[in-house]
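For reference, the structure is listed below as C-alpha cells.
Going in written order, the chains are labelled A, B, C and D, and every chain counts its residues from 1.
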Amino acid sequence: MMSEQNSWIIAWCNSISFLSEIPGWAHALLALISTYCLVIVPSGALMVYLDRKISADLQARVGPNRAGPAGILQPLADLLKLLQKEATKESSWRQNVWLSVHTMALYSTLAVMPLGSMALLVDTEMSAFIPFWSALVLALGTMLLGLSQDSVPGWFGGIRVAAQTLAGSFPALIALLCVGVRAGNFRWSILANCQDFSPWSWTFLSNPFQFIAFIVFVMSGLVLLAIPPLDGGVSMSDIHGGVSSHLFGRRLSLFRFGRFFGFFFWSIIAVVLFLGAWKLPLQVSEGLRAQEAFRFLATIELIWLLAKTFFLMLFITWVARVNPRSRVDQITDFAWKVLSPFSLAALVGASICAGWKAFL
Amino acid sequence: MDKNALVSRLNKIIPGGVLETRRFGRSENTSIWIEAQAVQKIAMALKMDTEMKLDWLENLSVVEFEKVFIVTYFLRSLITRHSLVIRASAVPVSPGSEFLFPSVRNIWPMGLPMEEEAEEMFGIVFSLNNETQFQVKVNRLPENWKGFPLRKDYVFPSQFEDITHSRSFNKSNQKKSSL
Amino acid sequence: MTIISSEPVRADLTLWEIGPYHSSLPAPMRLKLRLDGEIIAQCEVETGYLHRGLEKACELHPWRAAIAYMDHLDPEVAIFGELVLCLAVEEIGEIIVPPRAQRIRIILAELSRISAHLVFMVRMAKAVGSETIVHYLLRDRERILDLFELVAGARFSLNFLRFGGVSADITDGFIERVLDVCDLIRIRIKEYNDIFTFNYGFLKRSSFVGKIDPILVKSSGMTGPNARASGISFDVRKDMPYIGYDQFDFEIPLGRGEGGIVGDAHDRFLLRLREITQSMELLKQVSDHVPIGEFQNEKIDKEYIVPPGEAYARIESSRGLLGCHVVSDGSPCPSRIQLRTPSVANLLAIPQFVSGIRIEDLPVVLASLDLGIAEADR
Amino acid sequence: MRISVFSNIASYIRSVFRGAWSIAESCTTAFPYILRWGELRKEITEGYPDPVSSKTADDLPPRSRGLLFNDIDRCTGCKECEKICPAQCIRVEEEPGANNSKIWVSVYDVDFSRCIFCGLCVEVCQPASLVHTRQYEGAAYHLTDLIASFGRGQITAEQRASWAALRQMSESDEVTL
C-alpha cells in the first residue's frame, strides 16, 4: 500500500547512507514522525503567531512583541509557559482515558493526511472519508474530557460538543459526496488530479453547486470540530471554556494542540478537495518528476499546499475575530436547517452537472 | 397637590397616625412625621390613595440623630408624578441592641434590599408582623462581625484577625429560610 | 442582599452555583441557579462582595474628603457620585452655583454617560464573544478619559467638583476638544453599527432574550435605561431638572423593540446607543452656552462648614436614578450620607425575569442590565 | 428564539442571505484595520514599557496628578494634609525648631500603597510645598518601598535641648528689644 507513495521519504533516506538499508515499516514510521515534527508542529507555531499578530492588527493593537524580533518566538514562549505549570490536582482515570483517545485521534490522522503527490502514505479508494473518523474520535475525546470533570461546566461542555459534532458531520459528508461525484473517486490523487493550477479549474469554481458544497464543507467542519467562529460548544462564557475549564499546563497545551490540529487538517482537506490541492503551474511537476527531482517536487508541492491552507485558516480567523459567537442551539440549528438542505441541494445539482457532462 | 388634604385623609383612615407636617430640609418637599407603629397602615393608605397613587418607594434612609433612629421614606408616583416624604422615629430599648420596626416590603417590594441593608448596618429589624425575632441577615459584613457599623456609638474592632472573609452561600440561605 | 424568587424548588433540577468570580458575571456576585436542562428554572442572587463601607467612611472624614470617596461609589462614572453629593450639600447650604460651573458639570456628566455606555457596549460584546469591537470601543473611550485628564488631572477618580462649583476652570480649547471627540464618536458609531449592532449573530443572541415587563420595572423600582427600554418614560433630567438640564432641548429615547420585542436585551443595547447620540447632541448645545465668569462660588472656601440641615438630591446617572440623602449637624464631618443606587433595583429584578432563559443567554442578559455592583454594595 | 426557517421558503432564503450579508459587512468593515487604511484606522495601542510609549511625563496634561513630592524646606508642618487625606496615607510628626518661626518636620511619610491621588492634600497645602509631580511609574517589589519619606529625620535629645535653649534666647532677645 505504501510502497509507492512513501517514495518521498525513501528519496530523502537514500541521501543519508546509514538510512538507506532500513526496512519498509521503518520508512513509514520515519515518514510519520518527520511529518509530525517538520510539518504539523511548525505549522502550529506559525499559525499561532499569525493568528495573534493579524488579530492584533485587526483590533488596533500591537500584538506579541516581546519574545524575539516582532514577537516571532511567542509560540515557543507560550509552550514553555504551559509546560512548566504545576498540576492543580491529581489526574483521574477518566482523564487518562480521554488523553489516550485524544492522542490516538491526533496521530491516526497523520497517515492519511494528503501533503502532496509525493507524500501520500495512505491513498485508497476511501481515503477522503478517513479524516471524518478522526474528527469524530477527536470530538468524542473532547466530550469524554468534559464528562470526566466533576463540574457543571464540564458536563454542559461535553454535551454541547457532542451535539455540535453530530450536527456538523451530516452536511460535511454530503458536501464531500459532491466532490466525489465530480472526480468519480475518493482517492486523494484522483481528487487532486481533476483540478489544475488555475483557480478556474478548481472544484469550487467548476459550477455553482460545487461552490455551495465548498462553503458547506468548510462551515460544517467548523461546526464539527467546534472551531471559531462556531465554537459555542467549548468557549461559551457561561461555562467559561467548558471542557477545558479544569485543564492546566501540559494537558491544556495538548487540548489546544488537538483543536489546532483539527482545524489544520480540515483546512488541508478543504484545500485538496476544492482549492486545487498541490497542483503546480506550467507542467512543473511533470518536468521535475521526469528529472527524478522528487525531493524538490515534494517540498514545493508541500509549500504551495500549506500556503493555500494558511490563507484559508486566516480567512476563517478573520471572520471569527469580528463576529460574535453563536449559541450552541443556534449552531446546531444552523447545521441541520441551513447547511444540510444546502448540501443536499448541492449534491443534487452536482450530480446533474456530472451527468450532463457524461452525456456530452 | 394639597398636602393638608392628604393629611386630613390619612387622619381619617388612621386616627393619630400622623404626628406633624414639616418642610423637608430647605426644599419644597413636605415631610410627614408619622407614628412608627402606624407605618404599615399609612403606607398602604398612601399606595391606595386615589389622588396620590404613591406606588414607588424611591429610597429608604435611616439616620441616627441624637440616639434616635429616623426612618425616612422617599415616595414617588410614576402615574401622577407626585412625591412625598414620610418619616418615623424609633429608639432602641437599650443602646447597642437591635429593635423592631414595621416593614413595608409587602407594600413596596422595591424596599426589600434597602430594608435589608438598614437591618445589617443599623440593627433595625424590619418585620412584617411585629414578631420578636432578632435575627439579622448578614450579607455585606463578615459572618462573625460584631455590632452595627453605621450607628454613631459603633467602635471599630481593634483587631481583625478572628473575622472570617468567606461566606457560604448555603449558610446565608438557611438563615433566610428561618425568617 | 439575597433575593429568592417565590416559586418552590423542584428536586429534579440541576443545582449550579456561579460566582462570586466567574467569566460570565459582570462583577462579583453570586448566582444560585436551578437548571432544567439548559433552561434556568430558578435563580437566587447574592451580592455584598464589594461592600466597602462607603457610607461609614464618608462619616469619618471631612466634607471635602467625602467627595473623594464618592468618586469610588461607581469608579467607572465617578462624576455622578460627586455631583449628587454636591447637589445635596448645595441644597443644605443654599449655595448658588455659578452658571459656568453648571455648564462644566453638564459637560462632564454627559461625557461620563457616553463613556459608561461605551463600557456597557464592551460588556455586551464580551458577553456574546465579539472580540474586535471591544478594542475599538475602549480605544474611543480613551479619548473621553483624555478629556477628563485634561480638565481634572485624573482619568477615573476625578475629584473635580466642589461645593458651589468646580475645583478648576476648564482649560482653553477644552470645549473644542469635546466637540472633536463627539464628531469622532459620531463617525465611529456608524462603524460600530456595521460591525456589531446590526450583525446577524449579535441580533440572534440578544433579541427576544431577557424581556423585562413594565410591571416588573414598576414593582422592582428599576430606573434609567433599563426602565426606558421597557417603555417606562422616567428620566430625572426631564422630570426633575438639575444643573440646568431644562434649558436644553433633548429627547429621552424609549425602547422600540426594533430587534425583537420591547424590553429585550437588544432593545436595551440600542437604547444606550441612542442615548450616546442624545448626549452628544446635548454636548453640542451646551458647548455653545458656556458663559464666561467664575467657576466657583467665592463664599465657599477651604474653611467652609456645612450648616446643620438635611437634603435629598437626585440625578440621572448612566445606570438610573442616583439619590443621596445628606444630613449635616454642623460638625466638620458629615453626619450621614445615604445613597440610593440604581443597580440595587436591577439586582432585585434579576430572579424574576431570568427564569425561562437558557444559561448561554445569562451573560448577555446580565451584561444588558449594566449592573454596577460597586454602587449596589457600596 | 428558535430560527423558524421552514415556515416560509422565501423568508428562509432571505434570512440566510441577510445573515451572510451582515457577517460579510462586519468583516469588510473591520478589514481596513489590517492594512491601516485611512486616517481613522491608524491609531493603535501604545507599547509600554518597552519601547517607552510616545507619551512621556512631559506630554501629560498640566493638571495630571502623579506621585506626591514635598519640599520640606517650605513645609510648615501644619498637618492640614494629614487631616484631610481620605486614605490616611500621610503621616506627619513635627517638633519645634531652632527658632520660633521654624518648625522641624521630623517625619513626613506618604504611603503610596494607600494613596488614591485625589489631590486634596495639595489643595489644602498653605505654603504650597506639597505638589503632584509628573512621575507616574510607582511600581515596587515591596510594600515598604512604596512609602516615600520627605522628613528631616528624628532629632537627638541634645539637639532638642540646645534648640530649646536657642528658642529661649531668641525669646529673651525679643523681650529685651
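Keep in mind that, in the parts below, a residue touches a chain if its C-beta (ideal position, glycine included) is under 8 Å from a C-beta of that chain, and two chains touch if they have at least 3 such contacts.
Note that the structure is predicted; figures quoted are calculated from it, not measured.
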Reaching subunit D from subunit C through chains that touch each other, fewest steps: 1
Contact pairs, highest-scoring chain pair: B-C
Subunit A and subunit D, separation of their C-alpha mean positions in angstrom: 51
Cα-centroid distance, subunit A relative to subunit B, in whole angstrom: 64
Intercentroid distance (Cα basis), subunit C paired with subunit A, Å: 46
Separation of mean Cα positions, subunit C and subunit B [Å, integer]: 25
Set of subunit C residues in contact with two or more other chains: 132, 135, 139, 195-196, 199, 201, 204, 358
Interface hub residues of subunit B, defined as touching at least two other chains: none
For subunit A, residues contacting two or more additional chains: 58-61, 321-323, 329-330
Chain pairs that touch, as defined at the top of this document: A-C, A-D, B-C, C-D
In the complex with subunit C, residue positions of subunit B that touch it: 24-27, 29, 55-59, 61-65, 72, 74, 78, 81, 85, 108-110, 112-114, 116-117, 121, 137, 139-141, 149-150, 169, 172-173, 176
Touching residues (chain side subunit C, partner subunit A) in the complex: 14, 16, 22-24, 35, 38, 125-132, 134-136, 139, 195-196, 199, 201-202, 204-205, 358-363
Parts of subunit A lying in touch with subunit C, wherever the complex brings them together: 55, 58-61, 152, 156, 229, 232, 235-241, 321-330
Subunit D-touching residues of subunit C, taken from the complex the two chains share: 57, 61-62, 64-66, 68-69, 71-72, 132, 135, 139, 149-154, 157, 159, 167-168, 171, 184, 187-188, 191, 194-196, 198-201, 203-204, 208-209, 302, 358
Residues of subunit A defined as touching subunit D within the complex: 54, 57-62, 65-66, 318-319, 321-323, 329-330, 333-334, 337-338
